[in-house]
């Protein structure tokens, strides 16, 4: 009975808010953050997500995305238009997630833990202003993406030095039959940084030549999930000093109940003197009481610090 | 004929924008502000409200609210999710109006005068990040609410000291048959303030222990409205200095015509050396030409200053 | 076949998002900006538009507009309400485009080139907070508009000196039969500036008496477009120093194909020692692949500088 009502609500919402030319969605999340011995900040609450997303495509060829958060300024997350000359190819311009890391390109409502991994936060390229070409091979097994970006995230919405960031990604889909899926990928990003940027990856005073590479995989097999990513960097300052910050995460997940999944992650980042190192073990439990709601419990144990610095996070999320 | 058209427009809007799972609303208000002898600012115009609100509930159990103003940054007003285990009980987390004052918890489109009372602006707790439990007794006559908050309004969206603010409210509904309604309530809020906050109540340099209490009533009987609130505070600094700012307002309203209501308010606030005192008499006339439009005329006579400091406000509002 | 699908998509979107009481629209634009020898900034990309617009009218009498951009803070563009006592007359209050220049009052999605002309950017009054009365003669041939504004654009959403800006506009429609249209207009704006404003026209340190006048025309005849505007100013400082910045633009357009229009503009501005002069020739090509999409190519040749300072702009826009 209740199942029927849920289905009818789902259908009603779909018909009202999700059409080809106009689709509206929301993501709202409240968070409680408790750390017995704080390394930074204070215990308390956060409104951690509050955003809407509008997207659509006309004639199957001219598409758009506008996503904004009510919690930051300016509120823009995505503002881009794209053109699909064929079903397998799109050319996109505006501000959007640059095609580099696996975890950053996973939507904020779909990431496995409350926060993304240290290495993705530190080294991953984020949302930027630029253009990209994105395509699939006819059999749908290989995806290739290449883009040119301003290289300083959305930030001030313009290039702040005379260099652009170039990026390329290859993704392969090894298995796609129903519930069993497997994906592997590799991306590179190269840039000359003339201006130290408060935004973007390695938010530091580093200037110079910067090369980034990531490789990742994600496998879902029945109730099991395996997911990991390794990012390495080559940073060379004009004084020929070299730094190689790098890091990785590896995640195991298992559905212990139809609506509940246990997760375990090893999260490691090495700053190579440019920024601090970090190592932690993260246990998570995600509960999906409805197709619109999600509860996430995270316990973060920093293996390089004493246990009092453990963090407990409780997030409650609604999205559609 | 016109009545019929209004009804059909109203129904059309309801069907399009107001459903259980997704409801969209707006509030826009333009304001003219004239004071012959200015105590602050300059005579002129203001866009005083410009906001949208999205809300809904899935399966009757998982609800959400997202409200944002286009006039401030960050734009968030409300961003919260809630869970209703039963029809009479909800648990809410995120940013929302803390359950303290009567007038602040009255929606911006529904408050009686253009501005809220001095005591509510000075002592009332505002929107905060936190969690609350909110319930009704089975007969619907008593509402009880309790919450824990960061204690610094939305502000920087995190706790800025090591203390939380605890709040409790009891509301009784003495009469609820159709047009005659009566409500009384009492709330308390306690907090240790370690950091003087530019946000929140008594935006001053005060630090220390803070207890707040409010009691209020609101009675609608036919064409008559009676409405009042009294807020008292106990503030104790670490040097054991005590302050007791307090204040109150009392309002009388009368529908002089089906679409026009006269209002009179006595508004008093005593800052007890922490901030200035104020006393004023406010006359208002609210005109409701349509169920979507409202015009408010306010004349504010400061009884502790000369008559040249009177303020005239004209507000024109559309909301749905 | 494709034509039919486009029409059905157009109708579907109309029914869903465009009704009398509630109409929702979007404008998104990505931009590439290349200048071989930069006079300012760096070559790169921009998300140049990312906004939504909500508007409607109840009972044919009470209307509202709310437009916000996700790219600036605060996000408000328009937040106003209006009252139409008769079909030919409206009284509006809030923040909206002040009724002065022709080009600024042309919507961001409909302007001919990527950027507006120098003189409109420098001397034109922009969005402001205020009230206006706007009417048509019964035959619809003459439009008259008069308003009072705070005089500092939206800016801080309040008057920043003790003076208001008064504005009047007359517009005549000489021809309105189908595709052939002709419009002429003249506007004046007078203000005492007591506070030098970073916002508004002539964003400079100028203080004193300011009079502005513009006259303009716009003619569409078959495939041809002629469009021009001339703005002159009388600025007098308290020390009786006089400045007369002025400028103009003249545009010719021609549909070289059903979906493609060539444009040529002469753009001139004289700062009269208050700000710099500029002169440029702008060639544009607008391509309309769909009723929702637009591509704009602009080549800007500054005739007072060497050719290396030419700018190339490519904009891709989606709007509905």
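In this document, chain identifiers A, B and C correspond to the written order of the chains, with residue numbering beginning at 1 in each.
Throughout what follows, contacts are C-beta pairs under 8 Å (C-beta built on N, C-alpha and C of every residue); 3 or more make two chains touch, one makes a residue touch a chain.
Computed from a prediction, not measured in an experiment: that's the story for all the values here.
S.K.: If every chain is a node and each touching pair gets an edge, what shape is that graph: line, ring, star, complete or other?
M.R.: Graph shape here is complete: every pair of chains touches.
S.K.: Once chain A is fitted to chain B on CA atoms, what angle does the rotation have, in steps of 5 degrees?
M.R.: That rotation is 120 degrees, given to the nearest 5.
S.K.: So, what's the distance in Å between the C-alpha centres of chain C and chain A?
M.R.: Once rounded, the distance between the two centres reads 38 Å.
S.K.: Where does chain A touch two or more other chains at once, residue-wise?
M.R.: 73, 75
S.K.: Which residues of chain A touch chain B once you look at their complex with the stated criterion?
M.R.: 2, 5-6, 9, 12-13, 16-17, 26, 28-32, 41-47, 49-50, 52, 70-73, 75, 289-290, 292-293, 316-318, 320
S.K.: Can you check the complex and tell me which residues of chain B touch chain A?
M.R.: Going through chain B, the ones touching chain A are 19-22, 54, 58-59, 61-66, 68, 73-77, 79-81, 83, 93-95, 129-131, 148-150, 154, 157-162, 164.
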